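Per-chain residue numbering starts at 1, and chain names A, B and C are given in the order in which the chains are listed.
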Amino acid sequence: MKDLLWKNIAHLKRQSPLVHNITNYVVMNNTANALLAAGASPIMAHAHAEMEDMMKICQALVVNIGTLDEYWVTSMKKAATQANQLQKPWVLDPVGAGATPYRNETLADLLKLRPTIIRGNASEIMALANHNTTPTKGVDSSAESNEAVAAAKFLVDNYQTTVCISGETDIILNQEKEIHLSNGNALMAKITGMGCSATALVAAFAAIISDKVEAVSSAMALLGVAGELAARESKGPGSLQLNILDKLHNITKAEFIATLKIEIKRG
Amino acid sequence: MKDLLWKNIAHLKRQSPLVHNITNYVVMNNTANALLAAGASPIMAHAHAEMEDMMKICQALVVNIGTLDEYWVTSMKKAATQANQLQKPWVLDPVGAGATPYRNETLADLLKLRPTIIRGNASEIMALANHNTTPTKGVDSSAESNEAVAAAKFLVDNYQTTVCISGETDIILNQEKEIHLSNGNALMAKITGMGCSATALVAAFAAIISDKVEAVSSAMALLGVAGELAARESKGPGSLQLNILDKLHNITKAEFIATLKIEIKRG
Amino acid sequence: MKDLLWKNIAHLKRQSPLVHNITNYVVMNNTANALLAAGASPIMAHAHAEMEDMMKICQALVVNIGTLDEYWVTSMKKAATQANQLQKPWVLDPVGAGATPYRNETLADLLKLRPTIIRGNASEIMALANHNTTPTKGVDSSAESNEAVAAAKFLVDNYQTTVCISGETDIILNQEKEIHLSNGNALMAKITGMGCSATALVAAFAAIISDKVEAVSSAMALLGVAGELAARESKGPGSLQLNILDKLHNITKAEFIATLKIEIKRG
């Protein structure tokens, strides 16, 4: 499995899929840079008039609701609908799920459009499965990944999707498979948009790999290992941010394989 | 006083207040990173439908007009009104005050909502107190902090607020107290959004400290000292930006106390 | 010519022109930082109510359509029209030209407003001259600069403009002159918004230099040489991004002259 994930990472650099990102203002720059560093090709757009055309030339879509408003929610729905019609994968990042009724209602609508993959932290995944849960810290998780497994399974069963609960342990599952990854470093939580970069990488791998648990695992393994290696030479969140971009670009097979901590739970 | 400010900085990391930022597109990423590095928790949102709900879960609000438009101005007013009703502090950053009539009119409206704290450079504070002054350089100050003291006192007296004039010397005052800080480095002016990061940190400290001159001083002292220390190991504005984030995260009491230059003028 | 370009670079730091940027969300932060590092002064704004007033206080305008929508396109037209009336230079960056009909239609409208300068990669310049060409990779070029020379000449002849085709070789031409520059490093393509930063620098130099081929060449030479020098000490795209900002700020005449690769083709 470690060799397979590495093969996918190398494959991404050769294929360089074009990923359409409807994402939040806070992270657009570092998300685009994460995609470029890993070898994918980002585009960011939201005009209603070009959502369908843009999906025609892209291989995957990110829908991230971080700084949503009425106009952007329409953009998201247009692009997701088109992605479905063209059978291209789209990934939902439910940023701040549970923080406000408006987010919950928007997410309920987006779930009806059947995201191929959902990636969120434990608080977000729990809020997405059950609107009664309110995360205590806005966009940061106040729960551990394993607390959200039941919520993830609910989403998998009801929306035929693949879910990634990211955190100290990343739990990736759908009806067939389940994989746990345990890389990364606590300092990564001190950089804004690490989760959003993860989602963008997930979309990039989903563009080129048909098995969705494998695609998500490739993305989360790459970012987790890159983050863990980068943290070793970082003095704080500022240097970590740039060291992660460097490492996404120059990671070697040897260091990837030696660092990756993976457990295949099912499938 | 130096020990008190340090106590507040340590307190921020433990409390990790959630700060709602309605801020400009240019600085969202580094503002969020500055809050995270200092130990606070950022959220950025602007949808009208969630402005009131968002203020319920946050402990403070930033209103920064850098890239304002009609939609965002309504978001700002909704959130500020709600902050007032819930007696949560909100901080106004009058970016580019005086540059255009639209900015001046918007600021006049926002002043009526009584910001808890106002932070701007000397040109902005003067423009805010007197619409006849036009800054010569857009968002950069063309004046020294001490030139804006009369304007700051006008704002304090007329709006019962606390004002921070930031610059080579940061002047923080309200009706009871006045503190001057003299840290930082000229290279900080070559990074976009240093002032905006200052405003966000001010909001974070205002969320946990009731004395507003003390709260603002804690924020400005932290950023000024971090910037001054970071500049010593920076080759230009690129490395300074990341070194400041690192230093906001890993600053020690010893270096903070040894570097801080503070004068208590009143109170 | 090398001495002349360096004189312009030094001149920019002294003059510090104010550049109004209507640009895309992805690059606002690093574009502003590039302008500051090179010595110019950025402002980013888009509210319809202040577009004309903002052009009055700025010396040049950037119109970058990366994340366009209906509101922003109106902002762009208002500002460009005002720039023309005030005889201030404006630079068009046709990001993603050819990717969607909406982009092509918007660009056709903007061309009618006669940009002083157009800067794009080869795919974008070809798409701008001939709507039938679709770039295969969204915002990244799939062609070499020299393939776009005929398209650039078409734009020059039909719109009395100056065109810069950026790439491994930057080709800068108008009816009088043509200059080729060959600096830079392949890793620069792995940072988002390098082209957008180039456009912003072009606007800054156009604000202070009347000969437009000379102005564009000063900007492209500065960024190309800074990028080439910065790449020598970078481990990947993360460190390159910050090293470029450092180098834009601290570049010396000796290293600029020694590194610059320039060919005067005409004029």
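In the analysis below, a contact is a pair of C-beta atoms (placed from the backbone, for glycine too) under 8 Å apart; a residue touches a chain by one contact, two chains touch by 3 or more.
Chain identities (UniProt): A, B, C = Hydroxyethylthiazole kinase.
A quick note: this is a predicted structure, and the numbers were derived from the prediction, not measured.
If each chain is drawn as a node and touching chains are joined, the picture has every node linked to every other.
Subunit A (Hydroxyethylthiazole kinase) maps onto subunit B (Hydroxyethylthiazole kinase) through a rotation of 120°, based on Cα atoms and reported in steps of 5.
Look at the contact of subunit B (Hydroxyethylthiazole kinase) with subunit C (Hydroxyethylthiazole kinase) and you find different residues on each copy: under half of the numbers used there are shared. The distance from the centre of subunit B (Hydroxyethylthiazole kinase) to the centre of subunit C (Hydroxyethylthiazole kinase), with each centre set as the mean of the Cα atoms, comes to 32 Å. Listed for subunit C (Hydroxyethylthiazole kinase) are residues 25, 29, 241-242, each touching two or more other chains. Residues 16, 18, 25, 28-29, 32-33, 36-37, 41-50, 53-54, 57-58, 71, 241-250 of subunit A (Hydroxyethylthiazole kinase) touch subunit C (Hydroxyethylthiazole kinase) in their complex. Residues of subunit C (Hydroxyethylthiazole kinase) touching subunit A (Hydroxyethylthiazole kinase) in their complex: 24-27, 29-30, 66-70, 96, 99-103, 134, 136-140, 189-193, 234-239, 241-242.
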